[in-house]
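Take a look at the structures below.
One chain, subunit A, appears in both complexes that follow, with subunit B as partner in the first and subunit C in the second.
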Partner chain A sequence: MEQFVQLFIQSFSLGSFYILLALGFALVFSVTHILNLAHGELIILAGYVAYVLEQKLSMGLWETLPIAIAISVVSLMVVVSFVLHQRRLSELHSLIITFGIALILQNCYLGAFSANYRIIFHKSRYFSLLGGHVFISSVQLYLITLSLGAIGGLYILFRKTFIGKALRATIQDRFAAQMAGIPIPRMQLLGMVLGGIAIGIAGPLYARVSYLHPAAGIEPTIEAIILTLFAGMGRIRILLAGGWLLGVAETTTAYFLGSQWREFVSAMVLVVILIFREARSRENSV
Partner chain B sequence: MKQEVAKATLGVVLIIGLSLLFMWKFQGREDVISVIAMAFLFASVAFAWNIHALSGVVSLGHAAFFGLGAYGSALFAYYFKVGSWIILLVGGTIALGCAVVWHLFFEQLRGGAYTLATFAAAEIVRVVVDNWDSLTMGSSGLTNIVVLFSGTSEFYLVTMVLVIIAFLIHWAALKTCWGLQLRTVREDELAAYAIGVNPPRVRMVSLFVSAFITGLCGAIFVHRVTYLEPSMVFNLHISAMPLVFSFLGGRFTTMGPLIGAFLLYSVDQILLSPFLPSTHQAVYGFAIVITVSFMPNGICAWLARIPQNASG
Partner chain C sequence: MNRFLIFFAAFLMFLGLSFQSRVAAGVIKIGAINPLTGKLAKHGIEIDEGIQIAIDEFNEQNGNSGMVVELERRDDHSAPDVAMNQAEQLILKEKVVALIGGYVDSLVGPVSVVAKRNRVPYVASASLQSRLTQGKNPYFFRVSCMNGVTQPVIEFLLKWKNLRKVAILHASTPGASEFARTVEKKLRVSGVDVVVEEKARAGQPDFSPFLLKCKARGAEFIISAVFFADHLVLVRQMREMEIPVKGYIGPWGVAYESFIKEMKNMAEGLYGLTAWLPGFAYPGTEEESRRFVELYKKKFGRIPTSTSMHGYVSARVVLEAVRKAFEQGGVFSGPDLANFIRKTKLLTPMGSVEFDEKGDPRWYKQMVVQIRRGKIVPVHHEHSDAEN
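== the complex of A and B ==
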C-alpha cells in the first residue's frame, strides 16, 4: 500500500516536471505553429545559468529564477523571431532550422562548459507522510508547487483576463482573430514571453533534478513534443492529464525495469502518438 | 538520357581524377589523406540520405542506420570470429532490418510528423543499444575491433570506390526512370497514384537502399576507427551531417552531397578544429541555418541557376 502511495508521489512530481518542460514548447507551438527543436537546449541554457550563478554567487533557487527567466525570454525571442522571418514557413522548415540552432547551441555549451556532467547539488529535506513510510523530498515539492503555480497563473491569464482571451482566439483561429482586430505579431510576442517564462522556471529545476551536459537537450525536447502533440494546440488541461499519465508510465517502467529504460519509454510513446495521430487524421479526412 | 549517362561518366572520371591528384599531392601528409577519405565516407552517407530525401521526406534519424551498421559489423566479427570483408555486408543488412521496422511503423506519416518520428527512432535505437549490456557491451564500448584496412592509402581507395558507387546510385535516383518515380511521389502523391506509380513501394525502396548504404558506411567507419561506443555513432551530429551536406551542396543535383561534404567536412576538420577544439562543430548548425534560410536549393543549384520552384 505504501509502495503505491510512494509511486504515486513519484509519478505526480515527475509528471509535474514534464508539464513544466512542455509548457514553453506548447505555448510557442500553439501561437506560432513552430516546432522548436531547440527547446531542450534553451532549458539547458537556463540550467547552466542557474548552475553558474549558484557556483559563483551562491544564489539559491528563488534568487536565480528571475535571472533565468529573463535570459530564457530573450533567447526564445531571438530563436522564434529568426524562424518567423523566413520566406517559407512550414512545420518541416521550422523543424530543420531549429534543429540547426540546436546543433549550434549544443556545441557552444560543449565549448563553454566542456562535456562534464554537472548538477546543482541540492540537499533535500525529506518529509514523511502516512506515519513515516512514505517520503517526499523538497525538490519534488518545488516541482509540484512551481508547475501548479505556473499552470494556475496561465489559467488565470487565459480565462479571466481580456488579453488571455485574445491569446486563446489567436490559438484557435488566427485569421478570424485578425479579422476581429487582434494584432497577431503582438500576440506572438506575448506567446514568446510566456514560453520564455516557462522555460526559465524549468531550467533551474532541471539543473537540480537531472545532470547538465551539452547533449542533455534532447530529452526535454522529446518530452515536450510528446505532451504537446498529445494535447493538441492550446489545450492546457489535456496537457496536464498527459503529463501526469506520462509520469505514471515512466515511473512504473523505472520501478519494474530499471531507470535506464526511461528514455526508451518516452521515445516509444512519442512514436505511438505520432502514428495514432496520423491514423486519426486520415479517418477524419476520408 | 545519353547526355545524362555521359555526364555521370564524366562525374565518375572527375572523382577518380581528383582523388588520385589529392593522393599524389598530399603524399606524405597522412592526416590530410585521412580527412579526405573520411569526407568521402560521409559524402557516401550524404548520398544515401539524399536518396531517401528524394522521396519527399526529411529523416533526422539516419544515425540509427549508421550506428547499427557499425555495431552489427563489429559484434558479428566479435561473436562469430570472422575477419573478412563480408562483415561489412552484415552491417548493412542489420541497418536494413531496422529500415524494415521503420517502414512498418512510419509508412503512414508525412512531413513534420515523419521527421519527428525519425528523430525519436534514433533515440530509441540508442537507448536499446546502450542498455542491452549482455549483447552490445553497453556504454563500456568495444575495443580491438578487427582492422580491415591496413593503412591510410588502402582506406582512401576503399572510400573512393564507395563514394563512386554511392554517386552512381544517387545519380540513378535523380535521372533515371526510378528518379522520375521518386520525383512524382515527392511532388504530388495523389497524382502518382493516378499515373500508376506506387508511392509506398517507391518510398520503401528508397528507404531500404538508403539504410543499406548508410549501414555499410557505418561498418567501414568502425573498422577504420577500431573502437566503438554508443555515443560515438548514435548522436545527433551523425544524423545532422548527411542532412547538412545535402542541403548545402544541393539536394536535387547529382554532385551536390559530395560537394557539400567536401567543403564543410574538410573546412571543419582542417581549418576550424585546430582553433576551436570543442566548438568547431557548431559550424554545421550555422551551415544548415544559413542554407535553409538563404539558399534552400543548395550551392550547386545556385551555381547552375535552377529556378527556385523546381522540385521544392
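== the complex of A and C ==
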C-alpha cells in the first residue's frame, strides 16, 4: 500500500515538473504561433543562472527565482521578437530559425560553462505520511504547488480579467480579435512575459530535479512539444491534466513493466489521444 | 590561353612541391574523432585533451629527428552519422595515417567500419562492446575492453559477505547492455539473485520506480551502468528516498572529481571503477603519470581524469607505431602501421598495453574505488593488497 502511495506522489511530482517545463512553450506558441525549439535552451539558461547564484552567492531557490525570471523574460523576448521580425514567417520558418538559435545557445553554454554536468545541490526537507512509511520532499512540494499555482494564476487571468480575456481571444482567433480592437502586438508581448515567467520558474527547478548541460535543452523541448500537442492552444487546464497523465503513465509503466517501456507507453498515450482528438474535430466540422 | 596553361602548370608544381616538402619534413597527420559537443561532450573533450598531451609530448621528444606529428581534431557531435562522415573526411581529404579517439560503442563502431574500408588503423580510446572486435577488422584496436570492467565488478561483489540480492540498471547503449548481461549471468551462477534488471534511456528525469522496486524486492546492492549525468539524478533520488542498500557501484561516471564536486556528501561511500588515478599509476610508470598530470594541468588548467588517460594511451599506441614506421623508412601504409600496432608492447600509467589477435587489449583491467571523505580511494585492484 505504502509503495503505491509513494508511486502516486512520484507520478504527480513528475507530472508537475513536465507542466512547468511545457507552460512557457505552450503560452508562446498559443499567442505567437512560434514553435520555439530554443525553449529548452532558455530553461537551461535559467538553470545556469540559478546555479551560478547558488554557487557564488549561496542563494536559495526563492532568492534566485526573481533573477532567473527577469533574465528568462528578456531572453525569450529577444528570441521571439527576432523570429517575429522575419519577413517570411510561418510555423515552419519559426521552427528552423529557433533551431538555429538553439544551436548557437548550446555552443555559448559550452564556452561559458564547459561540457561538465551540473546540478544544484540542495538538502530537501521531508514530510512523512502514513506513519512515516511514505514521504514527500520539499522539492516535490515546490513542483506540485508551483505548477498548480501557475495554472491557477493563468486560469484566473484568462477568466476573470479583461486583459486575460483579450489574450484568450487572441489565442482563439487573432484576426477576429484584431477586428474587435484588441492590440495583437501587445498581446504577443504579454504572452512573451508570461512565457518568460514560466521558463524562469522551470529553470532553477530543472537544475534541482535533473541536471544542467549545454546539450540538455532538447529534453524539456520535447516534453513541452508533447504536452502542447496534447493540450492544444490556450487550453491551460488540459495542460495540467496532460502533464499529470504523462507523469502517471511514465511512472506506473516504469514500475510495472520496467524503465525501458517508459517512453513507448507515453508515446502511445499521445498517439491515441491525437487520433481521438482528430476524429472528434472531424465529427465537429461535419 | 598559353599564359593560363603556364599559370596552371606552375600552380600544380607549387602544390606538388608543397606536398613533397611536407613529407620530406616528416609531417605525419593523425586524425582524432571525439564527441566535443552534444550529450557526450564531457568525456569526449577529456579524451581529446589526453590525446593532445600525447602528441605534444611526442613532438617535443622527436622534434630533432625531423618527425612531426600533426593532429587533425574533429567533433562528431555525439552522433554516429557525423562520426562516420568525419572519419571519411579525415582519411580521404586530410590523408591521415591513423585514427584515434572515440567514446561509447555507438560512435566507435561506425568509425571502425570506415577505417576498415579505407585500410587505415583506428585505435579507439573508450569502447567495450565485444562484437566490435569479433568482425575480423584488422585495422581496429582499442585500449579498453568488456572483461576489464566486468571482471573487477564481479570479483568485488563476490567478496561481500552474505550478498544475496542485487539490482542492475543499465543505459541502453550496446556496451552498457552487454555489461549488464555479463554481470547478471556471472552473479546468478555464483548464487547472487538479480532481483531487478532494467534498461534506462540516458537523460531521464526520474528513477523512482526503479528505486521503489529495489526497496520492495530487498536489493542489497545497486549496479548502475548508466552515464555520469544519470548517476547525478539516480544517486540524488536514492539518497532522498532513503533506499536501504549496502552499496552502489557505477562502472563509469562515478569515479570523477567533478562528480564528487556536484554531489557533495551524497557521493560518500559510492563505488566506482577507474583505470587510473592521478596519484595511483601502474607500478613503474609513476614518473610518466606525474609528468602527464603536470603537462595536462599546465595546458588545460585542471586535473586529468581516467578518461583523459584513455585518450593519452590510445594516442601513445599510434605514435609508437608511427615512430617505428619512420625508423624503418617512413612508409606509413595502413597495413604496415596496423602491423606495428598489433606488435605494440607499451608500459603506460594505465597498465601494460598489448593487443590480442582481435585488437582487444590483453591486460586491461580497471580497479574498484570508493568515495571516502570526498576523495577517490582504490579498494580493489590487482597491484595492491588494499581491500575494502
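Assume the second predicted complex is superposed on the first by the 253 of 286 C-alpha atoms of A that agree within 3 Å, B and C clash if a C-alpha of one lies under 4 Å from a C-alpha of the other, contacts with A are read in each partner's own complex, and residues count from 1 in each chain.
Definition applied: a residue touches a chain if its C-beta (ideal position, glycine included) is under 8 Å from a C-beta of that chain, and two chains touch if they have at least 3 such contacts.
Since the model is a prediction, treat every value here as computed from it, not as a measurement.
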Answer with first, second, both or neither: which of subunit B and subunit C does A:V80 touch in the superposed model? neither
Quick check for you: in the superposed arrangement, does A:I34 touch first (subunit B), second (subunit C), both or neither? neither
Touching A:E263 in the superposition: subunit B (first), subunit C (second), both, neither? both
On the A-aligned overlay, A:E278 touches which partner chain: subunit B = first, subunit C = second, or both, or neither? first
One more residue to check, A:I44. First (subunit B), second (subunit C), both or neither? neither
When the two structures are overlaid on chain A, which partner does A:I96 contact: first (subunit B), second (subunit C), both, or neither? first
Per the contact definition in the header, classify A:F121: touching subunit B only (first), subunit C only (second), both, or neither. second
Could you tell me if A:L110 is touching subunit B, subunit C, both of them or neither one (first, second, both, neither)? both
In the superposed arrangement, which partner chain does A:I136 touch: subunit B (first), subunit C (second), both, or neither? neither
Footprint overlap on subunit A, comparing subunit B with subunit C: 106-107, 110, 114, 215, 260, 263
Residue ranges of subunit A touching subunit C (in the complex, touch as defined): 3, 6-7, 10, 14, 17, 106-107, 110, 114-119, 121, 124, 126, 135, 137, 209-211, 213-216, 219, 250-252, 254-255, 258-260, 262-263
Residues of subunit C defined as touching subunit A within the complex: 36-39, 41-42, 44-45, 78, 169, 172, 198-201, 203-210, 212-213, 215-216, 228-229, 232-233, 236, 240-241, 258, 262-264, 266
Under the touch definition given earlier, write down the residues of subunit A that touch subunit B in their complex. 35, 37, 86-88, 90-93, 95-97, 99-108, 110-112, 114, 215, 218, 222, 225, 229, 260-261, 263-264, 267-268, 270-271, 274-275, 277-279, 282
Subunit A touches which residues of subunit B in the complex? 58, 60, 105-106, 108-113, 115-117, 119-121, 123-124, 127-128, 130-131, 231, 235-237, 240, 243-244, 247, 276, 278-282, 284-289, 292-293, 296, 312
